[in-house]
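Below are two complexes that have chain A in common, paired first with chain B and then with chain C.
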Partner chain A sequence: MFKYKRTGIRNLAIALIFTVAIIALGAILDPYNQGQLAVVSMLFIGVLSVTLLTGTSGQISLGQGALMAVGGYASALTILNLGLSIWFALVMAIIVSALAGLLLGFAAARLTGPYLAGTTLVLALALPSLAIRFESVLGGDVGLNVDFGNPPAWLVSAFGEIGYEQWQLYATVPLTCLALLATANILSSRTGRMWRAIRDHESAASLMGINVSNNKIFTFVVSSGFAGLSGALYGLRGIVGPSVYPISLSLLLLTGAILGGLRSIAGALIGSALVVFLPDLIEWATRPLALSEQIGNYLPGLIGGVLLHLTVILNPGGIAHALHRHKNK
Partner chain B sequence: MDTALTTLFLGTTRGAVFALVAMGLVLVWRGAGIVNFAQMGQAMFSTYIASSLIISGHGYWFAFATALIAGALLGALVDVAVMRPLTKRSHSGILASESMRATVPVIASLGILGILQSLAGMLWAAEERGFPSPVSDVAVKAFGKTAPFTNFDLFIIIVVLLTLAATTLFFTKTGMGLAMRATALNPEVARLSGIRIGRVRTLSWAISGVASSLAGLLITPSANLSPNTLDLILIVGFTAAVVGGLESLPGSVVGGFILGLLIAVVNVYDAPDDVFLALLIFLLVVLIVKPGGLFGSKRVRNV
Partner chain C sequence: MKFHPSLSKPGFLTLVAGLAVGALALSSLPANAASDPGVTDTEIVLGMQLPQSGPASPGYNKVDDAMRAYFDYVNSKGGVNGRMIRLEVKDDAYKAGLTVSTASSLINKEKVFAFVGSVGTQTHISVIKDINRRGIPDIFVNSGYSGFYTDPKKYPNSFGDLGTYVVEAKILGKYLKETYGDKKIGILYQTDDFGRNAVAGFATAGLKFTPKETAATFIAGTQGSLGLVSQMSQLKAAGVEVVIIAAVSSASAVAISTAAKIGYAPKKWAIISVGADATTIQGLLYAGGVPFATSAAMLTGVISASHAPAAGDSSDEFVTAFKKINDDFNKGPSKAWDNNVLQGMNTAYLTTEALFGVGKNLTRKALVSYLETKGSSLSSAALVPLGYSKATHEAYTGFWVGAYDASTVLKPVGTDRVVYTTDSGSGPVTVSTYKRPAMPVDALPKGA
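Coming up: the complex of A and B.
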């Protein structure tokens, strides 16, 4: 009991430090980097959904982008059709995408490895056709226009003038902080241990009395809720539509989770920062070489792919794992 | 009636190509226990090689043969450079658990896909380019009537049937084919009876590379070639392989033709936008009703 309390306090402290650090960073950066940092915070929630699903429970999904889209559409419809505030819309996004996760979980509990990967990939491809089929509600190819709105008056009077990018960041960070806290608590709880047992040996876990399929479905529900929140925030930047949630978004989340470290929260943070800033970093590093546009466009993809390989073969635990190992030596 | 006939022929030609893709997936799955999501990336790469050869003035058949050889080499390279090191480490660290052993190769193959697509984009520009077909693309005329298929459709079906016949003969009549079947059935016993299972696995990657490159060469004349065009074909091929049970080569071929017809029906009678929706529903129904596929054996899990 005492030990659990201490972990809880530690998690809370880490989450608070994270929030303060991001808010402080947000105050000194220029709008472009504020926007990038906001995207990191949004995708961080999405990468956490992969950490929970793949890192903790061993199920792979290539359709997290589709669940992000479900969250995005749920929040956009709440704002546009019900006229509610973005906060209600975000709660709605979590509920709707968790329900979608429940449905998917029923199918997924019966599938393993490559079957699950393929099925979720088809799901991610099928979703845009839904947007076109129900064009009058979902806005077809173009999508629905939504935004974060204006910062509330009390925030402006406390911090002075707040730009749109800065408001995106400030609206996102508390939610990211909550997601971080929730993940940390799930991982150190009984539920987290059951999920890890299923990941490591399904039959052994089942023999110990863990209900494998119920737990797998529950993982999908929780993970989808995270993805939905992430997707709703991601869409609130301007548009909710098929082009905002392409298939590459699912792969981006997976890449971030793997590069950073599939099994740790720190890894998820490192990974989401990496996938957002890597293209900028490569552009900056290769500027002296004056590469043609054609090569420049594809270089981040190439380097991302190579990094993914090196990670999987040489250091499957990701950057977080490597840092941790170094510290312990 | 004419529409129905057109649908049937469209479905059969597309289905023949999907059957090749599904066969490529099944070969690697049986040989190495991996679903290769990079397969159509490899096919795209070798089709680009063929396209460049044709543009620089070489003949179609020379380019065709070179692409198939490139497909085989690329397949073997993926196995030797990526998958072998991965399986060697599979009993340590993060890969030690059974679920991760199934998951990590999927991630690795997605990495290969990303690398191949970026390389193709760098080498051959991003704009789409066409790809020629070796025979005329006009409708066949016989007995004074216009048939609902073209010469190229006939060509596709003949090439695919020849490939299927060759594959069947290879697996039933040659020693190497027997060795591959033995390795797929039980790697440990195969190794003990003197089969070099490493080589056999690399060979299944190479044959899969040839099959998928062939699919790429046959499908690109009716679509355009770009680094991402063949991704969607992979998804259809995967569904076809799952319908056939993922274990069975005849199953994958039947699955390919079923999917070809399904997609043709959706395209003609509904809207092309609904193809992936139909695919998803079909895949889910198959997985729920008959998880082992139409031809698959019952899956047994060892504790």
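Coming up: the complex of A and C.
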């Protein structure tokens, strides 16, 4: 009993340290990197959804981007149609996307491996058509205009001038902190152990008395809620629409999760930072070469793809796993 | 594999610290002495975003190189009031999520003075509010979506660079109705504001379409993967004799080649100007195995409209001058002269004219106010004036209707080139009386 309590407090402490570190970082960075860091914080939640779903319970989803879109649309409609604040909208995003995850979970509980991957991929592909089909509500191809708005007066009076990017970051980080804490607690709880048991051997888990299909559905619900929150925040950067959540976004989340380390929270953070900052890093590194746009524009995709292949072949545990192994030598 | 569920590892803290150091290393802080960012005594930095890669890029990816070529020409003549113009370009691949990041990069990293000539309706929607609330001029936007310009209170700093799709569709629609009123007219359009604005304009001109029958739609960006087969089959089955296309050039190319493949030969094609660039269409058809001679024959007789002289009109002084500048200064990967290059050159020409017009004391406010008050007297290659005023920021107020000849040059449909003018509302279509001022000798405008 005492041990559980200690784990909980430790998780809380680390989540808080993470939050303070990001906020401190936000105060010293220039606006562009504040914006990029905000994207890292948003995608971190999305990558955590992959960590839970794929890394922990072993279910592959290629459609997390679509669940992000569900969250995005839920929050945008809450803001635009009900006139509620972005905070209510974010709660709504979690609820609606979790419900979508529940539906998806019923299908997922019966599917495995490539069949599940295919089903979720179709979801991501179908999104633009849905947005067009229900255009009067979802705004069609153009999407719905929403944003974080201006920083609240109390924050400005407490901390002085706050830029738009800085406000994006500060509005996102507390939620990232909660997602981080929730993931850490789930993973170190009985639920997390059940999910891992299912991932490692379904029949064995079942023999130990774990209800496999219920747990699979539950994983989908939780993971979808995370994806929805991430998508709502991502949409609040300016617009919710099909071109914000393309199929490549689903693959980006998976790439981030695999590069960083599919089975660890630190890996999810490393992966999110990597996919966001990699293009900037490549641009910075190749600037002296003055590459033509025809090469430069495709380099991030190419290098990301090569890194992904190398990770799967040479270091399947991802960067987090490699760092840990190195330290324990 | 050993699994480590908690965050207990000191590695996590090291990681956060590492992230901090990494992000700091990435940040660069160029300081500016002038009051507005992007302007110094020696330089003006302008920003632009467009699809340089991805399905929507063909054709449009030449606009930035053309603009840079003209600015380089201006710089070679001493710049604008001693300031050299530098154009910073970002590729958003036509993904709105990415546009938000590239805009932030242009604003915060490159510290641009103004956005100029950005391409794309969907993508620009994602950033237009942010650009405007920061007070950054957003001039000569290469989107014909009227919603950006008709309410300057909403977007005070955004100014258009194309005639709106409504204006073009009204003028084109009037011509089609008068000429092909006895034929069955149908439309293929992309389901975004571009397509819808065009449909609204045609409706004002009295051309109505029936969904699933004479109106075929597709989602912008899917033309390549889906091939528009069901759309063209639908129009064929409906017996449509005159097909209007309101879509990007890459979609026009797909529509024309797919129609040929399924044995559908409408009597007439009419394409909204932004989707009717002959060079782009021919290039894409060539990549699909259609020789240039065949595609030229396919395009012959296709109807379109323009607010500017045809790119192939070698008797026009602007075309000749821009072509020369393009040959001398364009360093882009594909600098072949076409409508996109002409449009880019003209955008840069107008920008230069406006920057000269504002004068030495260049501020963001001064530029916006200059365009509102003097913008309508700026002259360029266009055959109609800009419609800028305090009430609207719509660009070109008129078009002339033409058809491609055998060498894919747009030629007037009648014996003379008649330029029509109208508004984005329900106003009538009338003949324009505008006389374009002559071009300065060195193709360097010094402001209205």
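Before moving on, here are some points about what is shown:
Please note the rule applied: the second predicted complex is superposed on the first by the 329 of 329 C-alpha atoms of A that agree within 3 Å, B and C clash if a C-alpha of one lies under 4 Å from a C-alpha of the other, contacts with A are read in each partner's own complex, and residues count from 1 in each chain.
Here is the rule we go by: contacts are C-beta pairs under 8 Å (C-beta built on N, C-alpha and C of every residue); 3 or more make two chains touch, one makes a residue touch a chain.
Keep in mind that this is a model prediction, so the values were computed, not measured.
Shared-chain residue A:V39: touches chain C; no touch with chain B. Put simply, more of the residues of chain A are touched by C, taking chain B and chain C as the two choices. Shared-chain residue A:V156: touches no atom of chain B or chain C. By the document's definition of touching, of the two partners only chain B reaches A:A107; chain C does not. In the overlay built on the shared chain, the residue A:R237 is in contact with chain C alone; chain B does not reach it. With both structures placed on the common chain, the touch criterion links A:G305 to chain B but leaves chain C unconnected. Of the two partner chains placed by the overlay, only chain B lies in contact with A:L125; chain C stays clear of it.
Contacts of A:G317 after superposition on the shared chain: both chain B and chain C are touched. Once the two complexes are laid over each other on the shared chain, residue contacts for A:A285 go to neither chain B nor chain C. When the two complexes are laid over each other on chain A, chain A has residues 128-129, 132, 263, 294, 297-298, 316-317, 321 in contact with both chain B and chain C. The part of chain A that touches chain B in the complex is made up of residues 54, 57-60, 62, 107, 110-115, 117-119, 121-123, 125-126, 128-130, 132-133, 198-204, 247, 251, 254, 258, 262-263, 294-295, 297-299, 301-302, 304-306, 308-309, 312-313, 316-317, 321.
Residues 7, 10-11, 14-15, 17-18, 21-22, 24-25, 28-33, 35-37, 39, 128-129, 132, 135, 140-143, 145, 147, 164-165, 180, 184, 187-188, 192, 196, 234, 237-239, 241-246, 248-249, 263-266, 269-270, 273, 277, 280-281, 284, 292-294, 297-298, 316-317, 320-321, 323-324, 327 of chain A touch chain C in their complex. Every residue of chain C that touches chain A in the complex is listed here, in rising order: 1, 3-9, 11-13, 15-17, 19-20, 22-24, 26-29, 52-53, 61, 89, 91, 93-97, 100-101, 104-105, 107-109, 121-123, 125-127, 129-130, 133-134, 190-193, 217, 219-222, 333. Residues 29, 34-35, 37, 82, 85-86, 89, 93-100, 102-104, 106-108, 110-115, 117-119, 121-122, 125-126, 231-232, 235, 238-239, 242, 246, 273-277, 279-280, 283-284, 287-288, 291, 301, 303 of chain B are the ones that touch chain A when the two sit in their complex.
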